[in-house]
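Two complexes follow with subunit A in common, the first pairing it with subunit B and the second with subunit C.
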Partner chain A sequence: MRMEMDIIVARGGFQVACQASFGPGVHMISGQVGSGKTTLALAMASLIPYQGRLDKEGMGDVLMSFQFPEHHITASRLDDEVRSWGLDPEQVLPGIGLDDRRGSDPLHLSRGGLKRLNLACVLARDPDLLILDEPFSSLDCVAKSQLCRAIEDRKGKITLLFSHERSVLPRVDTLSHVEYGRLIHHGTVPGSIAAWQGAPPYIRQALQSGARPENITHKDVREAICRMRD
Partner chain B sequence: MQDARLRILTTIVLSAGAFISLYGALATLVWWLLLTPRWQALPHPRILLWVMVMIAITSLVSELSGGEGFSYMVRMIAILLIAAWAYSQRQDGELLDVSVWLMGKRIGFDIGLTAEMGMQSLGLIKQDIQQVRQAMAVKGMKFSVFSILPLAANIVMNQLRRTEEMAKMLTVRGYIRGGEIEPHFHTARIDYLLALSSLLVLTTAILSYY
Partner chain C sequence: MIHIEGLRHHLLEIPSLTIAGPKVALIGRNGAGKTSLLELLAGIDRPKEGSITVDGEEPRTLRVGWVGEFPDHTILFSRVFDEVCSSLRFTYVPVAEAERMARETMRSLGALHLWDRATAELSGGEKALVAYAAAVVNPPRLLILDEVDSHLDERCASLISDSILHSGFQTVFCTQDMDLAAKADEVLFLDNGRVVQHGPPQEVFHALEGSCFYPNSWRMGP
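And then the complex of A and B:
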C-alpha cells in the first residue's frame, strides 16, 4: 500500500505543489494557518481538481476528516449521521459519551462534541488511507491524547496528519512541512526532527539544549532530556 | 460596469425590455452578446443547463397547449443571461450603497442591509451545497431523490441558524433602525454607454409591442 504524488493544486488564486510518497504509518504534515494544508489535503482525497499524478496503490477505503466537523453533516439526527458513514450508532455513540443524545440534531452539539463524533466515525471505518485535517482543533487535552492513541493504533494503514498543533502530538513516522506553496518532505523520524520547520516550541527548546528525541511526543522529548542528564 | 446604480438600472430596463416582447428579448440578447463578457459571466455550466432544460420544458408545454412557448423561451433566456451578468458584476456592500443613496439613511439603510444579507446568504448556501457534495463523496453516499430532502432541510436549518445569529449580533451592537453610511460610486464612461444602450433596447421592445 503506497500513495505517490507529484501534483500542483490551484484554488482561489493560491497554488501549492507536492512531490511525495507515503507508505503505511503516520505522516505529520505541518504548516502555518493559510499555508495550503487544507488545499493539499482535499486534493490528496481527490475532492478538488489538481494537475499531475496521484497514485493510490493497493488502497480500498480512503477517508478524509474535514477541519470543520459541521461540514460532514448530512443528517438531522445523531444516529442517522452515524449511519450515513455506514456505521452502527450502537457501536459508535457510547464510546464518545453521546449515547443519550442519539435523536438530537448534530448541529446542536458543541464544536468539540461534533469533532469527537466525526473522528469516532472516520476511525471506526478504519480506512486504508485516512487524511486528517486539523484533527486536534476544538478538542480538550484528554480528547487530544485519546486521538493520539487511536492514530498510533492504526497499524499497517496510512494516516496523513495535517496539523499546526503545538502541544499534544502522536508518535509519527515521517515529517513534512508546507511553506511557500510547496510541501517540503523532511524524511523519517528521528533523523528528520532536527530539520523539521514546523516543530512546536517544546521540541525546539529540547533540540537547542542538545536533546535528541526519538519521536515528537512530550514523552519522547522528556526521555531525551533525561538521557542527557544521565 | 462599475457604477452599481447604473448597473441595477440597466438590469431592470433590459429585463423589462426582454419581458415586453420577443423583439425586445432578441435586442437584449444582442446587447448581451456585444457588451458583456458573455460566457465568463455565466453560472456553472451544470446549473445553466439545468435552468435551460426547465425553461425548455415549460416552453414546450406552453407551445403544445396553444401558448407562445417559443417567445416565452427566448424572453426567459434573455432575462436569465442579464441576471447572470448583473450577479457576476456585483461587489459586496454596493446594494447598501445604492439603497441609502436612493432612499436615505433610515428606510434605505434597512432595505439595503436586508438586501446585502440576502446576497450573503446566497453565497453561503452555495458553499453549503459544495460542502454537502464533498461530505457525500467522503462518505460514499449516492445522490438520490431520498437524500435530497434531508440535505435540503439541513441547508435550510443552517441558514435559519445563521439568520438567528446575525439578528442577535445586530441586537448586541445596538441596531434598531437605520444607520450611518456615505455611499461612494465610481462611474466609468462605458457605464453611461451601457445604460443608454439598454434604453434603446427598451424602446425597441415598446415600439415592437405596439
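And then the complex of A and C:
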C-alpha cells in the first residue's frame, strides 16, 4: 500500500505543489496558517481538482477529517450521526464521554465535542488512508493524548497528519513541511528531526542544547535530554 | 473586577467568585462549561439563577469584544478590510479614520498582508486572526475570547497572545495552550461546571502538576 503523487493544486489564485510518496505509517505535515495545508489535504483526498498524478496503490477506503468538524454533520441526533458512518452508537459514544447526549443535536455540542465525535467515527472506520486536517484543534489535553495513542495504533495503514499542534504529538514515521507553495519532504524520523522546519519550540530548544531525540513526542525529547545528562 | 454570585446555569454552579486580574485564563476539559461561562460574561446569555457583574455593571450593558469558538462562521463581509472595519462603520467613525485604525490593528497582528483578500478564501487560522482584529479594532471594555488560538500556527498564536497579554483591555480567554494560560494574571480551572482552582498561575498549575494541564514550558526544565 503506497500513495505516490506529483501534483499541483490551484485554489483561488493560490497554488501549492507536492511531490511525495507515503507508505504505511504516520506522516506529520506541518506548515503555517495559510500555507496550503488544507488545500493539499483536500486534493490528496481527491475532494478538489488537481493537476498531475496521484496514485493510491492498493488502497481501499479513504477518509478525511475536516478542520471544522461541523462540516461533517449530516444528522440531527448524535446516534444517527454515528449511524451515518455505518457505525454502532453503542460502540462509539461511551468511549468519548457522549453516551448521555445520544438524542441531542450534534450542533449543540461544543467544537471540542464535535471534534471528538468526528475523530471517533473516522478512527472506528479504520480506513486504509486517513487524512486528518488539524485534528488536535479544540481538543483538551486528555483528548489530545487519546488521539495520539489511536493514531499510533493504526498499524499497517497510512495516516497523514496535517497540523501545527505545538504541545501534544504522536510518534510519527516521517516529517514534511508546507511552505512557499510546496511540500518539502524531510524524510524519516529520527534522521529528519533536525531539518524539520515545523518543529515546535520544545524540540527546537532540545536540538539547540545538543539533544538528539528518537521521535517528536515530549517523552522522546525528555529522554534525549536525560541521556545527555548521564 | 468581575463578581459572580449564586450562579446556576445549565452545568455551571459557581456560588461566589471575584476575578480581579486584567488577564484571566479559563482552562478545563472539553465540556467543562468554559464556553457557557464566557457567553454569560459577554452578556450573550443571561444566567438562569444568580448574578454576574463587571465593575458593578451587567455584562450586557457593556462594550464587549467577542470572538467565539467558530470564528469562520461569524465573518460577515466578503473582504477582509470590510470585516475588520465593520464595527467602526456601524458607529459612524469616518471611513478614513476607520481604515487607519483597522490597518494599525492588522499591522500589530502581523496580518496586514490579508487586507485585500476575500474572506471566503482565507484559511481557518487566518479567519481567526481577522475575527480577533475585528473584535479589538474598536477598543472594547471587556474582551472575551473562546479558544481563538486553537486554529493558529506558532507565529500567529504568538502574535495574538502578545496582543492579549499586552493590550489595555480586561480580557477573559479560554485556551488549551497552558503555556499561554500560564502568562495570565489569574487562572480559573473549571471542571464539570465548577471552579476547582482559582488564583495566580503559579498556584493553580502547582496544584495541577503531574496532569496534562501542567504547562509544557515548565515541564521541560532548564
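Following the convention adopted for this analysis, the second predicted complex is superposed on the first by the 230 of 230 C-alpha atoms of A that agree within 3 Å, B and C clash if a C-alpha of one lies under 4 Å from a C-alpha of the other, contacts with A are read in each partner's own complex, and residues count from 1 in each chain.
Here is the rule we go by: a contact is a pair of C-beta atoms (placed from the backbone, for glycine too) under 8 Å apart; a residue touches a chain by one contact, two chains touch by 3 or more.
All values derive from a computational prediction rather than experimental measurement.
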Problem - subunit A residues touched by each partner, larger count belonging to subunit B or subunit C - result: C
Handout entry: First, second, both or neither for A:159, with subunit B first and subunit C second
Key = neither
Exercise for the section: Considering only touches as defined above, state whether A:215 meets subunit B (first), subunit C (second), both or neither. Expected result: neither
Practice task
Considering only the touch criterion stated at the top, classify A:38 as touching first (subunit B), second (subunit C), both, or neither.
Solution key: second
Handout entry: Partner chain in contact with A:97 - subunit B first, subunit C second, else both or neither
Key = second
Problem - Touched partner set for A:202, first subunit B, second subunit C, both or neither - result: second
Practice task
Considering only touches as defined above, state whether A:146 meets subunit B (first), subunit C (second), both or neither.
Solution key: neither
Exercise for the section: Go through the superposed model and pick first if A:176 touches only subunit B, second if only subunit C, both, or neither. Expected result: neither
Exercise for the section: Figure out whether A:84 sits in contact with subunit B (first) or subunit C (second), or with both, or with neither. Expected result: first
Exercise for the section: State the interface residues of subunit A toward subunit C in the complex, per the touch definition above. Expected result: 11-14, 31-35, 37-38, 67-68, 70, 97, 110-113, 115-116, 134, 137-145, 164, 166-168, 200-202, 205-206, 218, 221-222, 225
Completion exercise
The residues of subunit C that touch subunit A in their complex are 28-31, 35, 69-70, 72, 118, 120-126, 129, 147, 150-157, 176-179, 211-213, 216-217, 219-221
Problem - Interfacial residue positions of subunit A with respect to subunit B in the complex - result: 42, 45, 47, 63-64, 66, 71-76, 80, 84-86, 105, 107
Problem - Parts of subunit B lying in touch with subunit A, wherever the complex brings them together - result: 131-132, 134-141, 147, 150-151, 153-154, 157-158, 161
